[in-house]
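When the chains are written out, they are named A, B and C in that same order, and each has its own residue count from 1.
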Amino acid sequence: MRLEPRPSSSMAATLLWPAGAILATILLSSLLVMIAGASPFTVFWLVVKGAAGSQFALLETFTRATPLIFTGLAVAVAFRARLWNIGAEAQLYLGAVMTVVLGTGAVALPSAGLIPVIMIAAMLTGALTLLGPAILKTRFGVDEVVTTLLLNFIVLLFVSMLLEGPLKDPTGMGWPQSKRMIADAQLPRLIKGKRLHFGFVLAVVSALIVWVIMKKTTLGYEMRAVGHNAEAARFAGIPVNRVIAKTALLSGGLAALAGFSEVAGLKGNLTLDLSPGYGYTGIVVAMLAMLNPLGVIVAAIFVAGIFVGADAMSRSANVPSYIAQVMVAISLLTMVAAIMLMRYRVRWR
Amino acid sequence: MDTADLPEAETVLRLTGITKRFGALVANDHISLALKRGEVVALLGENGAGKTTLMNILFGHYTADEGQIEVFGKALPSGDPNAALAAGIGMVHQHFALADQMTALENIVLGTRPLWSFNLGKAQARQRITQLASDYGLQVEPDRMIAELSVGERQRVEILKALYREARILILDEPTAVLTPMETEALFATLKKLVAAGLSVIFISHKLGEVQAVSDRVVVLRGGKLAGERKTSEATRRQLAELMVGGQLPVNEIGPSTSREILFELNNISTRSVGGAGLNGVSMQLRGGEITGLAGISGNGQAALAALIAGTLEARGGDIVVHGQKTVRWSPRAALDCGIGRIPEDRHATGMIGDMSVAENVISEAYRSPRFSRFGFLNWKAAASFASGIIKAYDVKCPSPEARVRLLSGGNMQKLILGRALDGDPDIIIASQPTRGLDVGAVAYVHARLIEARDRGAAVLLISEDLDEIQTLSDRIAVIHRGQLSRPSARGELSVMELGELMAGHGTEAGASHAA
Amino acid sequence: MSEALEILFTASFWVAAIRIASPLIFATMGELICERAGVLNLGIEGIMVAGAFSGWFTVYMGGDLWTGVLVAAMTGAMFGLLHGFLTVPLGLSQHVTGIGVTLLASSLTYFSYRILLPEVTSPPKIEPFQPFAVPLLSDIPVLGPALFNQTPLTYLAYFTVAAVALVFYRTPLGVAVRAVGENPAAVEAQGISVTALRIGAVMAGSALMAIGGAFLTMSAFNSFFFEMINGRGWIAIALVVFGSWRPGKALIGAILFAAFDAYQVRLQQITGGVIPYQIFLMMPFVLSIVALVVVARRATYPKALMIPYQKGER
């Protein structure tokens, strides 16, 4: 068996393979649902209803999609330049730390000034978090996959230390959690009384900005060149190391926005369970979107829908909500295979 | 003795009607070929004629769409390298199939014992290798790492691999491309011994001289088809050339040079090692209106020199002087700003970004100029029209500026690189192996452009492992050996053998003292 | 201060160090085999989770301890097959596929746990492997009990290192695996299937990773918890680099690392809360990064690592 590049992109392959990936994901998860002793039709109907069956469900899905758009963008940007940022989780948490450091009363400004200040500070924190591994990569040749992965653990312990130490809420009855954000530092809700917040708008705008950067600017061009062939880029005079550093700053900053928007928009304080793996799920989102910034919005809503729907489903059917994570993992693997088969043709001889 | 003349010589290999298609391209079109015991058949054809594809089919790397292969009278199952090995076929690839961080011995015994056995049988193997080596003049040290061996030694390991498996048919793919003239003669002597011992050899080449020196019979491929077959003793060089290119060989006229001032200088430059060797106190001068050829066996510092001038490699010591100005900071950017046009050795790895479009590739050296971008935003219209200009001026066959570069042929890719490098008429040009892997037409085209640049007064440095190319184009020839340059000689001053001596490192000392 | 130094000379400290090292040794050898064959396996973290659960659950269901180890190994090999199939013949990005395998293996494990044990509130316990003192050898002072009064799985870990080294440098199979990670074309040209060799190596390596996971539930502890692998897989990847892709050096790396880990736990007890405990828990991860920085410059990694191979392509 060998793979041959398709001479031109085939419309049929471009549509059929991703569709096949989704179908395969559904079939494989149906199998698991059946093993769990439930009917796949009922379960999937419940998932769809739980994700999009009512205004409440839809708003909940968008709310859940918000951090995923940010981490998805962070990963998409980094992977484009072939900087393997597996550490969006760490950048998210440190962004959240900076948010509560500044947003719990330390800085007093009117809301219109305070929120941008916090946002930029959070972005800088995340950006610098990824800059470290990026410099280790370009200066010392240390693989950034391992360093960013290990940093996730270090940062989580660091946050735990802060929440039991300097950032601990004295009124929190001993729980490791931060003080609550002051009202001026909180993002407004989009609809009164609902959970969907301004972070969602920020996420969509960020996706548009990233799209423009990637398509229209010299920086985006440099990032793509470095990602496709760093040696040729260096030869052509593109400052590869500087491009990797800029990519790291952008990617880390985007991931930190996920932490910022979760704290300032939704939770109101920082706890150790702020992110149920949004950093890792961002990888799935980015790959499902084929690293396209606008696709990230769609992919994030899709993945969020699975999570929200599965939560609702597991309350009524007897299938553990972990099915959502399994589905997301399967969809990642089938989708990367589908992308390959869109571009290459399998020849058996 | 010419065994091919004997009627009773047994046919050891017969290919019948081999056809292989890659999409729309027919790489092999009904090719038939027979090889007799004790015979050397040269498979002649230019790059892209289908020689390597045919041999890959024979060896089982590819499966033919049509046709049969018979070895020693038995049909050879297709697509199975193991069957080919078992049938007694040994192949010496152009790009050696050796693992660098393992010893010669480990490479030779690889795959010769059942994978699940507990013994490598090193002692026995060492003995046999030593025996084979002395029988056929293939000296190697079995316990040295491949990474430490010279190119010639690696080739000997490759031949030993085949002999160790008791190959009866040996296929050599462009074996002389990497050798000095002396090493080539030693290889030919080895081949004579092998043939005398009853082996048969297929010798793949595009060099007429070698084919005439070594083969009994010549089979010529052109454009995937069998173009003809001749007894070597009965064919003239001219006939073979016409069979190979289907007409007259294109010849570039190169007039006398009008040497001008020095445009580029290296003074006592040393670098770290790249691809086998670094530079060691190299000084050179490039004059306008001249092509300076740099000859040498691969891995002697050519890569370091090319990377240094291109700006991707830092000098450890010494000066780079451009247009009489000592440079302070050297980088690809700086080289471009000094007006150096650069043609890299490896089109795919260094020259172009295969997954990006033609337009994106041709602006890669100039995207920051106001021509292509303002305030950090790219002007894609300007890029596309620039690309269209190059496509037209350099006769690049490609559907549009949006086409992905990966899908272009090597020749067309090289034309794009030329177009990018020669944009703005640079007066210093460095061309590294600019014609490697190209067909005759594309080679002539590249040569013509380099001559044109020289005639308008540019200083051209041509780095090539092809001594013919160096001798044809260069007004001045320097030889590099272990990172040191010989005294440059004028066109025609030294013979092939004398250059070969320099390439092998004999006489560099004398040359160095001359220069000093 | 002297108290902090004395720790190093107690037998119990070294016993703990070797116990901590054991799962890392399995995981590191597993990753080393994969990478030596040219395939980065980031599925390691999830495969260890799956191994920990499947081995433990087999025993919980009444299986023999060794049967549990076998089931864990087979579970690992199946995920290895998946990773191998996606990265070798299909040539997908080894980074993304590996992360995908980790997500899949761990989520499938948690899903299975909820389905297979729906009623439990705290995880049930099994009777794990017991320490077994090797006669004579265990009588050597300090080193004896540390090395030779361990559970049989630890002895299996020693054996694994020896076996991997022996196979790599003394058998035709090992030569072929090393060659396929250096230059697959060399292997192909000698009539060996690159695909089969690489997938085989990834399966074998993944089986070892899973046994490393099972060590935690069947030897170090006696139960299965979520998050119990806790980054050990990623640390194993760092240890492979630290060990320059050589079994012996990687073993030394794993033991040094484990000794450090055991040391910080004891240091934590001595300092008694003056320094936040998180600082101690961070140290192993920080140490891994530092180790990577130290060795990265002179690391000679397998040449074909992470480069997919196409037949007939050179």
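The rule is simple: a contact is a pair of C-beta atoms (placed from the backbone, for glycine too) under 8 Å apart; a residue touches a chain by one contact, two chains touch by 3 or more.
Predicted model only: the values in this text are computed from it and were never measured.
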(request) Give the fewest steps needed to get from chain A to chain C, where each step moves from one chain to a chain it touches. (result) 1
(request) Write down the chain pair with more C-beta contact pairs when B-C is set against A-B. (result) B-C
(message) So the centre of each chain is just the mean of its C-alpha atoms; given that, what is the distance between chain A and chain C in Å?
(response) 29
(message) As a quick test, compute the distance in whole Å between the mean CA positions of chain B and chain C.
(response) 44
(request) List the centre-to-centre spacing of chain A and chain B in whole Å, with centres computed as mean CA coordinates. (result) 47
(request) Note the residues in chain C that touch 2 or more other chains, in rising order. (result) 311-312
(request) Please give the residue numbers of chain B that touch chain C in the complex, ascending. (result) 56, 59, 61-62, 81-82, 84-86, 91, 93, 95, 97-102, 106-107, 109-120, 161
(request) Note which residues of chain C are touching chain A in the complex, please. (result) 42, 82, 86, 89-93, 95-97, 99-101, 103-104, 107-108, 110-111, 114-115, 230-231, 234-235, 237-238, 241, 276, 278-279, 281-282, 285-286, 288-289, 292-293, 296-297, 299, 310-312
(message) Per the contact definition, I'd like the list of chain A residues that touch chain C in the complex.
(response) 1-3, 32, 35-36, 79, 84, 86, 136, 140-143, 145-147, 149-151, 153-154, 157-158, 160-161, 164-165, 280, 283-284, 287, 320, 322-323, 325-326, 328-330, 332-333, 336-337, 340
(message) List the residues on chain B that touch chain A in their complex, please.
(response) 22-24, 63, 79, 310-312, 331-333, 335-336, 342, 344, 349-356, 360, 364-365, 367-368, 373, 376-378, 406-407
(message) Considering only the defined contacts, which chain C positions touch chain B in the complex?
(response) 170-173, 175-176, 178-179, 182-183, 185-192, 300, 302-303, 311-312, 314
